[in-house]
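Order of writing sets the labels: A, B, C, D and E. Residues in every chain begin at 1.
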Amino acid sequence: MADTAQTVTDERLKQEGFGARLMKRPELGAIAGVILVTTFFLITADSTMFTLSGIMNFMTPAAQLGILAIGAAMLMIGGEFDLSIGSMVAFAGLIFGACVVTLGLPLILAIPLTLAVAAGLGAVNGVIVLKTGLPSFIVTLAFLFILRGASLVGLKLASGGSTQLRGVRDAIEGDWLAPMFSGDAFGPIFAWLAQIGLIDTFKNGTPKVPGVPVEILWFIALALVATYVLLRTPQGNWIFASGGDRNAASNSGVPVRKVKISLFMVTALCGALVAIITVMDAGSTDARRGFMKEFEAIIAAVIGGCLLTGGYGSAIGAFFGAIIFGMVTIGLTYTDFDQDWFQIFLGGMLLIAVLFNNYIRKRVTGER
Amino acid sequence: MADTAQTVTDERLKQEGFGARLMKRPELGAIAGVILVTTFFLITADSTMFTLSGIMNFMTPAAQLGILAIGAAMLMIGGEFDLSIGSMVAFAGLIFGACVVTLGLPLILAIPLTLAVAAGLGAVNGVIVLKTGLPSFIVTLAFLFILRGASLVGLKLASGGSTQLRGVRDAIEGDWLAPMFSGDAFGPIFAWLAQIGLIDTFKNGTPKVPGVPVEILWFIALALVATYVLLRTPQGNWIFASGGDRNAASNSGVPVRKVKISLFMVTALCGALVAIITVMDAGSTDARRGFMKEFEAIIAAVIGGCLLTGGYGSAIGAFFGAIIFGMVTIGLTYTDFDQDWFQIFLGGMLLIAVLFNNYIRKRVTGER
Amino acid sequence: QDIIVVAHGQANDPFWSVVKNGVEKAAKDTGANVDFRSPETFDMVQMSQLIDAAVNQEPDGLVVSIPDADALSPSIRRAVEAGIPVISMNSGSDVSKDLGALLHVGQDEYTAGKAAGEKLASMGGTVGICVNQEVGNVALDLRCQGFSDGFGGSVEVIPTQNDPAEVEAKVKAALESNPDIDTVMGLGASLVGEPSVRAVAAVGRTGEVNVATFDLSASFLESVSKGEAAFAIDQQQFLQGYLPVSFLALNANYGLIPGGNVPSGPNLITQDKAAQVVELSAEGIR
Amino acid sequence: MTQQMTEDTTFHHGSPQDAAKPIIEMQNIEKHFGNIIALAGVSFDVKPGECHCLLGDNGAGKSTFIKTMSGVHKPTKGAITIDGQPMNFDSPRDAMEAGIATVFQDLAMIPLMSVTRNFFMGREPLKGSKPFRRMDIEMMNQTTVEEMRKMGINLRGPDQAVGTLSGGERQTVAIARAVYFGARVLILDEPTSALGVRQTSNVLATIDRVRKQGVGVVFISHNVRHALAVGDRFTVLNRGKTLGTAQRGQITPEELQDLMAGGQEMAQLEGSLGGTV
Amino acid sequence: MTQQMTEDTTFHHGSPQDAAKPIIEMQNIEKHFGNIIALAGVSFDVKPGECHCLLGDNGAGKSTFIKTMSGVHKPTKGAITIDGQPMNFDSPRDAMEAGIATVFQDLAMIPLMSVTRNFFMGREPLKGSKPFRRMDIEMMNQTTVEEMRKMGINLRGPDQAVGTLSGGERQTVAIARAVYFGARVLILDEPTSALGVRQTSNVLATIDRVRKQGVGVVFISHNVRHALAVGDRFTVLNRGKTLGTAQRGQITPEELQDLMAGGQEMAQLEGSLGGTV
């Protein structure tokens, strides 16, 4: 057979630096955005923003958004949308709250039940999309309304007339599973660090940062798992393929239906996880939880480099996208700008962060 | 040259009925949805819904949404999104209000000024999208925030601290251009019809329907113009081509950039038109005008058969999509359902309408 | 009889769901057939269309809130012209009479905010923040404006979205970056009040920073009774739903109508009263 | 000259295995798209070790036909049997599991994905033990480069996106993939259309090789010379119907070309192209 | 046999117009995509009335080269001159206005649009007077059906979506379109790859016809026989560089084929395909 040595020194390739190769990965572009935003706040914001407690402070909402964003990113890579995740947060919160408060179930039952309901609803979304061939945008939009409405009706039933269901904190008091989903992790370590003076303390000696909020751990764990799945497993390959070209994937033997339905379920599960964490943290749930979160999750995924048309993106990108979004929303409060300008600022920062990310990537990869 | 008679009786074609051929058009599928929704309300709703005044009542919001939806549909066919139209309604409303109230300009100056500002902003959107190659989703999302924030800041400036600008009605009193953009058309005809008893009157003798709200006329006119442009002009062809495959279109000599920038401007102009009409009708404007309208417009366009991926759809489809959406939102108030169920109902109706539309089209065209 | 209520707040808003509960209670008590309707967001254009839709059905009575008199006046006038008895509630006390409404039940957002501001100033506050979860909603903006006028000191409005985690983070950020802040005013109890209390606790300044909020929620009231928060402003909005409907029912049956406006608030719930209100709040009555 | 072509060959035909049972048999397949009739009753079969050429004019229905064979389309009418058993493919994956590998005319590649990922799409090799089972990326990359080289393409790197490959490079990926996952039936829909001369000769040689291993090959081409070079049987479609099937040697290139043109007269080129285009 | 091919032809070559000035001249064109070097300095020109064949292995850079010629890519280095004037195309539309019509390898069609709309895309004929100027749809439909028939394809109807056409039908639309808007230079990137024998012979005849009208044709093909049938000059690319240019008659098919294979040895098919693949 015709054969020439296929070595790295193909004369048709220019040398490229390590940095250039790094920047080609979609997720690493988003890091440029993070750096830009951080620099901006380092200059303009109060210095407390980047103390340990300040970082935990903006990372908490970023993590909650990020868990949704990772789900949304995987689904987007798979070529579909789920506009119902925000409502899913409210609905799963209701289910969870009702299980814990109204039915008095222990967490070991309540959590799997909530997750199962969410996964079931995700599967319904997926099956409708795939059976009918309708765009997922419109199907999940219907579920956005339906689940939001169902949360309201259900809450009124469960709480006897109010739109808020409370008493979750009392109900889970002492449950051994609770620390997995609420509060702060590594408390003892932080207490020790405070003792030896590495962390600031309040006057009474308790550390200013009692630990790492669990959602941040979940967020990081999820980003790692999702990245592993996307890059290292056949299922990840199938997700890219299904989103890249549905027909081509199916013709090549990828079980597109199964992949997409699973993705809808995963996204719904992410919504339910956020619901469980926030309900346990807040001790209550109400009908407006998760409002507009579906859009924020998609925004974060897109900032992180996911293509809306599917087939391209990364979980790590969504991770950084969520951090950018979280930093920008919370960060302005640390600055001296007039807060009326909040939305102008949010929009401007988003635009600049993405433009910068894009500019850097083009410079580095030399795309025309 | 090889040649066989190319007549309609190609043996490779099955006969198909006139109905089947009709149903292949994207817009006519949406009519099935309209019929379904109408039937539903004929059964469940108060009979006043389908009196003349009831119809005008749900057509007014449908028309306001529809004007946006037609813009959004054309842009979607051209392969882009504009998430900033809702905010554009607020911002253009502010500009218009400030022109009329704060600066005291006559409508003949205020309206062109407002439209020019909107078109300019649309062009900015378009230029950024095309220059950077970023997805329009993220760019116009930034403008969603920026314009919304600018409306807030601007309103506070124009009104001296409040987020509401009032007094438009007094300011335009007697302007000869006002009847083009506000109130009801054909008033004398309706008064006469009421006199001879063809239209119901209130107890005091004024007709229940004083005329056709001008937005409905604008809506119909716009739908006709947009349809003509899409189906009968080269520009329409270019819009479909740009949305269908940007590279292929550009390689075939379509001026894709110009087409897309013009579309962004058209969409922004639709937003400004709605702003002018609603501000004149309401006599005031506030910072939340047009909130979420961008999504409703996209929803209406998608119900009407536009593909989110671009290259397919119709203005008439968006027309009916907006009517479905308007009918469902207003229709519920004519029924006895509890308001708590509103969203469940809205979602359910949307889903059923689109499923039905889809089912009918598949039955008729025999797609697998 | 048929009575229609058109309000600018949504059924899933904690405040308005109490109004709606009042409406429903009145419906049950009077036997009237009542519908509660509202636009999906704070949308004056859509609200005027909802009033038009209500007028078309020629009910025996119409209850409306009037956050934007300019936008809603044509529709309300049309109702009055059509001979439908109209009662305004919650907002719009200043224009109610001019538009031809029979009377107004409620309390002005601005007045309530002002009363709260004065109270917080008297508790020693000098630097405050007003946390607004829906900037641009005129009804909410007025609360902040009233608060700022009554408070006297320096007030900054912190805009947030509908997310408790975000509210908590932002309040914390504000407190950390400006240690002079000694007053937090929230525009909703469950969405802003509760996370604000948590944020104050997280920076270790419980007791030093006065947290107050509009409207009630059971958890916030518990904080008030424990002394972690200053007070909640109760408009007794249950009355804003209940009274107009009963008045209109009575009016339709017997032609009765009270002679003047009914102020339903403001009513500051402080530590001493909080404990009793908790249960009622949990049931959606206060 | 044409005689030369059918006789003077280095391939070893000659055992058309008339007796052998067909692996897959399609009977009276019809396929309608809405009001368009793409196939109006086509029968076809493939035996082990033979190369059965499917020929015909543009739009005759060749691609549509092989798509029903590989599970992409469901036939509107007609029966498919494999080893004598009636079969009903629900998806291309089903057909693959029944041993049918296909190179589609549109190649079925994902432009945004790398060559390696496209190569193994749907059939990724694993390594590692259970909870950490993952794709064996190293092996995948090596195999891809190796298989492509066998076909005569030197890849710059296995992680180049397929969308940036040249037309022929892309087609070679699709062929190499189908051959690598070697099956009982190999369907090639115009596999050489975008290939260079070197790559073409490799593909033809490959067809010959797998046929000798007992695989049944379905080969679609518009090139009479390519078809005659490797084909054992020739079925010609025209406007959705079968015009007939011929054995190798029973038909001259000119006859075949006339059949392929659907019986319609050709432009004035006969001489210049030596009888066959 | 090969002699027969180069001599025994119905086409009238012979006036290679050596003296004529080139219409378009490309000098030392380089094109890099990020770190990938697709073209490393290629020079090329087209004279009026000649058919200049661009040949070469898969991935040699042919498509990339003609894309710089038709305004799709901007060259990284190098100069383009038209009629001696330096030119800088900003978009394919510019190139079209300079009289360059191209059939791209990927055809540049919109699958969701009808055949007619694709045919006239970017150059729609108008009728009616100003405010009501509109596309002349009737004339467009007729022309499309007519031009397609000339190429040997009988359309079912001009409003069928291009996405549902067969591969060859689609390719024919692209060719018919480029020929119809007949220009000074016609670039054809593997135009016959998906075509049936009848359609192929039509396309070759068409090339001959337009050449006689003084149009310069650039013809890319992997089929040596097709190239020799219509080509006046032959330029061979290999790995982004020019291997050389030959006049018609100065080179045998075997030599040409060796050049096209990039000098690498071919698989063991020589005999069976009569020298050329």
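We adopt the following convention: a contact is a pair of C-beta atoms (placed from the backbone, for glycine too) under 8 Å apart; a residue touches a chain by one contact, two chains touch by 3 or more.
Please read these numbers as outputs of a predicted model, since none were measured by experiment.
If you take chain B and chain D together, the chains in touch with both are A, E.
Each chain gets a centre from the mean of its Cα atoms; the one farthest from the centre of chain D is C.
Work out the mean CA point of chain B and of chain C, and you get 33 Å between them.
One inter-chain figure worth recording: chain C and chain E are separated by 73 Å, centre to centre, where each centre is the mean of the chain's CA atoms.
In whole angstrom, the spacing between the mean C-alpha positions of chain A and chain D is 45. Contact with two or more other chains is made by residues 33, 36, 106, 152, 156, 198, 202, 264, 266-267 of chain E.
Residue positions 11-12, 135 of chain C are each in touch with at least two other chains. Counting partner chains per residue, chain A has residues 1-2, 4, 12-13, 148, 152, 156, 307, 340, 342-343 touching two or more of them.
The list of touching chain pairs reads A-B, A-C, A-D, A-E, B-C, B-D, B-E, D-E. Those residues of chain A whose C-beta lies close enough to touch chain E in the complex are 1-2, 4, 11-16, 20, 365-368. Of all the residues in chain B, the ones that touch chain E in their complex are 1-4, 6, 10, 12-13, 228, 232-234, 237-238, 240-241, 244-245, 247-255, 307, 311-312. Taken in their complex, chain D has these residues touching chain A: 70, 72, 91-93, 96, 102, 104, 106-113, 117-118, 120-124, 126, 133-135, 137, 145, 149-150, 152, 154-157, 198, 202.
Against chain A, in their complex, chain C makes its touches with residues 11-14, 17-18, 21, 135, 156-159, 161-166, 168-170, 172-174, 176-178, 190-191, 194-195, 203-204, 217-219, 281-285. Remark: chain B residues 128, 132-135, 137-139, 141-150, 152-153, 156, 298-299, 302-303, 307-309, 340-348, 350-351, 354-355, 358-359 touch chain A in the complex.
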